[in-house]
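Look for subunit A in each of the two complexes below; its partner is subunit B in the first and subunit C in the second.
Showing the complex of A and B:
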């Protein structure tokens, strides 16, 4: 997305701040770049002339006072890791707070008191069955509005617009139920009460907001917690629940690494959308003891993990034959993640997850 | 603790003295003793938060009937003459009878609402805004600053040596195009307002057209339409200056979200061979306009439900202007796309 003229590297290079070709991050680049190169060149220069077999340099040997003076200290580095925050967006609106429900009902009733009368003649032709049906129902509920309960806005007792303790009028479920009951009560065919020729109208009720997976506590289903954003959490070899993540290889960019990780961890049975090329969050962790990385010939102090954001559009995670040694997965909301992951991990990742 | 006790005793003794003198202490001693977060709250003041307090007891709740209570009253309450009424006219800030603020239900300007929490607004908050933020993130290394330049400025080109470093010329046509600042969590693009506008040329001969247009626009937007007169006479269109020709409605907040959701989810899918909105639409300030033909206006569910009541061939077309908080059309289009509005053709940013 931002790899064009507006990218950070371009900006920095224009200011003479950063060499364009450099592919390492700035913090790695500045303090250790020259040292690293010297270490390599020193090693390359010393290899053909050295008679004695070369012992692998270790961080302890660099601080050892008895070590030869010519040996350069090892470059100190952090392991760069990439992770994927794969999320399913909320599918339905959230439950309203009790205060919101009460407030909305109160405002609707106020509106009934203040609004102009409903122009019945504009919506129903006089004398038609629809008109008669409307009049009958409006008489029952005392007001043209369907979602304010039984309430007389214009009468002597219009001031009584506040519901009593425990009343159900402000509950959305009760309002839907009243609407459905009213719709099923339609008598368009025969207006007479004696005629039972009218057809029974069956109105489809809205789908439940709590699903089967919610009731069973099936955290692997994507059909749970419809009001919340769900995140894919996996159980790694150490038995910790985390986002899918692993160390990055040198040849891949962060975005590529994230795409690879998702394939390696949860399979290819998902339609996903990676949002941009930038990470949404990162954390740094220092190891208790640094160790020697033979591959990079460096002393590794800790790890830095960068998370890429992804949305799942279709499909489901499949851990069969994954390359990261994962044993289980769950789709969890933010609150559930807090309960599941280690404390330090929660503190590291909580700020990149939206509240809902 | 000792300090707090001292304070309360001081306060008590002071107030006693004051009572005996029938005077009130100008500075209550309690106020000067600030409670620290580590010290316990004074039980006399903060016994329990009102949210945590238990409600009225069950007996009272069961027997409470406001209507019966009002009817059983022997003597009526004072009539409305003794109640506060908002003045009909505003007589200036120095008049003793001041109107209440418009948010007060007793105000004459009070408009009730909101009545719901729109689905589109919730989607924006939970999904669209975080995604736009991620997509538009622009990284500045520490110490770097992203300079937002005003758009459309023209540099001085020529052999004149004084052109160097000269302040660039403004855009052609006297426009001022504000700089596009990097999108952060503070300025994620969002909907600001939607204007529905319907101009009816036939209203010059028959005012009935304007009445129908007003009713149709009111029906689809849930707000009273405002009538506008022609500013100029236009010979070709038969428009005469000063005669009413159009109706508009400005939608904000709840109505705006409901209207856009209706357009995107009900009207657009019904339009035959619908390609989307033209990519060239937009005023380069982040506001995007599209048109609806009379047939498309008739597809709104509010009009469809009593389509027969509108006179045939009098249902108007409409222009819909979506105003966003984005500064460029590109950002506005990105916002609308994420809300389900498709665009086609060449995109002009």
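Showing the complex of A and C:
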């Protein structure tokens, strides 16, 4: 409890020994002393009543154009808006750079040169089918490692561990293919050639990293661009592609507004999770000409939009019956967003989106 | 484990395998490079260090960009009143009193429940190859009857 000096100061100021100064919260500039807040609220309550009789609220309600302009200026205002950045996280690892692929193979072969020889007798009992299978395969590939191609670090050619430019041993696809072929070749019954010819083992290949939706260019699918983050973009009434967003209501917090927007824009059949209560980015835009907002009795200068970050875990967007006047949606990566949205909008939102 | 059989010492085959592995004649061989190969190896290792450095730098810049965007947004929230206006002068600031300056900021800074119900999906690591159904698009929110 570190309230000693503070409470002493407060007591002193209430008793009149301490000069009452405007003390404000460091972060939000709100007065922190209750006595001062009372003074302010009294002032705020008294001013409008004094000003109202000679100040009609709206400029359009003047009847006599020749009368001297004695109106109070309209309060200036920005439209405070909230938006939702709904994203699907990458599901698979990124593609390796060509240099990385080559370097990893180089490292693995050097490791083969440095490693101690494989102790077959420790892992396989002599003469078992597994041992025979192992011996047959090791004869083929010359080394215990499955993913370094045909290379023996202990033979005469052990120094020759580098592959030539364009060798396919460094490609992950070729490594997977070699592993699968070897698994399909496994003969554990330990019998002659005639017997295993009749039962062919089929090993399942891993699923392709490029999906059907990628090939079809179906941007509404969430099963596309598996190694990139995808963002929900919607087409609004003006025909512009943007994040789902709208003006906030007075009583809403940003988080509540974002949750409401998500439901209003894309339906309830999405399993989503908000990453926090604070916005991840915003933009401020001044209109070319300010206009009179009759509903709010103010002069509107521009708009300020704040974006909240959300993840989608399952489900899909559904624009049927949405309340924001949206006509279409897409799941786009950051690069595709740049091609789709207006230039000024891209500049406003690009910094809050991760590169991948 | 030692066993006598026919006057000859016989060791456990597992012990024999471990000893063979430990004192193998080919163990711990030095990696000897020729002059040109040594230079090539140095070039490759150096190139990879540079490559990694650039990747890491790009990642740091990316995080920094996101952080700056987030901080700017929060700062804008802190300064504006409920009409979205930021007071530039002392007089404007005085006139703004009671107009909810920084209200959205104060709510946004609340951390209550931020870590509640973190989805289990966050424990899933990225894999090299996708699942048969990479993303469950058919999920529907359970309806109340």
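What we mean here is this: the second predicted complex is superposed on the first by the 279 of 356 C-alpha atoms of A that agree within 3 Å, B and C clash if a C-alpha of one lies under 4 Å from a C-alpha of the other, contacts with A are read in each partner's own complex, and residues count from 1 in each chain.
One rule holds in what follows: a contact is a pair of C-beta atoms (placed from the backbone, for glycine too) under 8 Å apart; a residue touches a chain by one contact, two chains touch by 3 or more.
This one's a predicted model, so the numbers in the text were calculated from it and none came from an experiment.
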| item | value |
| --- | --- |
| Which superposed partner A:100 touches (first subunit B, second subunit C, both, neither) | both |
| Which of subunit B and subunit C A:239 touches, first, second, both or neither | neither |
| Subunit B versus subunit C as contact partner of A:229, first or second or both or neither | first |
| Touched partner set for A:157, first subunit B, second subunit C, both or neither | first |
| Greater residue coverage of subunit A in the superposed arrangement, subunit B or subunit C | C |
| First (subunit B), second (subunit C), both or neither touched by A:217 | neither |
| Subunit B versus subunit C as contact partner of A:278, first or second or both or neither | both |
| Partner chain in contact with A:307 - subunit B first, subunit C second, else both or neither | second |
| Subunit B versus subunit C as contact partner of A:110, first or second or both or neither | both |
| Partner chain in contact with A:76 - subunit B first, subunit C second, else both or neither | second |
| Intersection of subunit A interface sets (partners subunit B, subunit C) | 90, 93, 100, 110, 114, 122, 276, 278, 280, 311, 354 |
| Subunit B-facing residues of subunit A, complex | 1-2, 6-8, 11-12, 15, 17-18, 26, 89-90, 93-94, 96, 100, 104, 107-108, 110-111, 114, 122-125, 157, 160, 164-166, 229, 275-276, 278, 280, 309, 311, 354, 356 |
| Subunit C to subunit A touching residues, read off their complex | 13-14, 17-18, 20-21, 24, 26-29, 31, 44, 47-48, 51, 58, 62, 65-66, 68-70, 72-74, 76-80, 82-85, 93, 97-98, 101-102, 104-111, 114, 117-119, 121, 126-141 |
| Contact footprint of subunit A on subunit B as seen in their complex | 55-56, 61, 64, 66-67, 70, 105, 110, 112-117, 119, 122-123, 125-127, 130-131, 134-144, 146, 215, 305-306, 308-309 |
| Residues of subunit A that touch subunit C when the two form their complex | 27-31, 40-41, 43-44, 75-80, 88, 90-93, 97, 99-100, 103, 106, 110, 113-114, 116-117, 119, 121-122, 154, 172, 206-209, 211, 221-223, 226, 250, 253-255, 268-271, 273, 276-282, 284, 298, 304, 306-307, 311, 313-316, 351-355 |
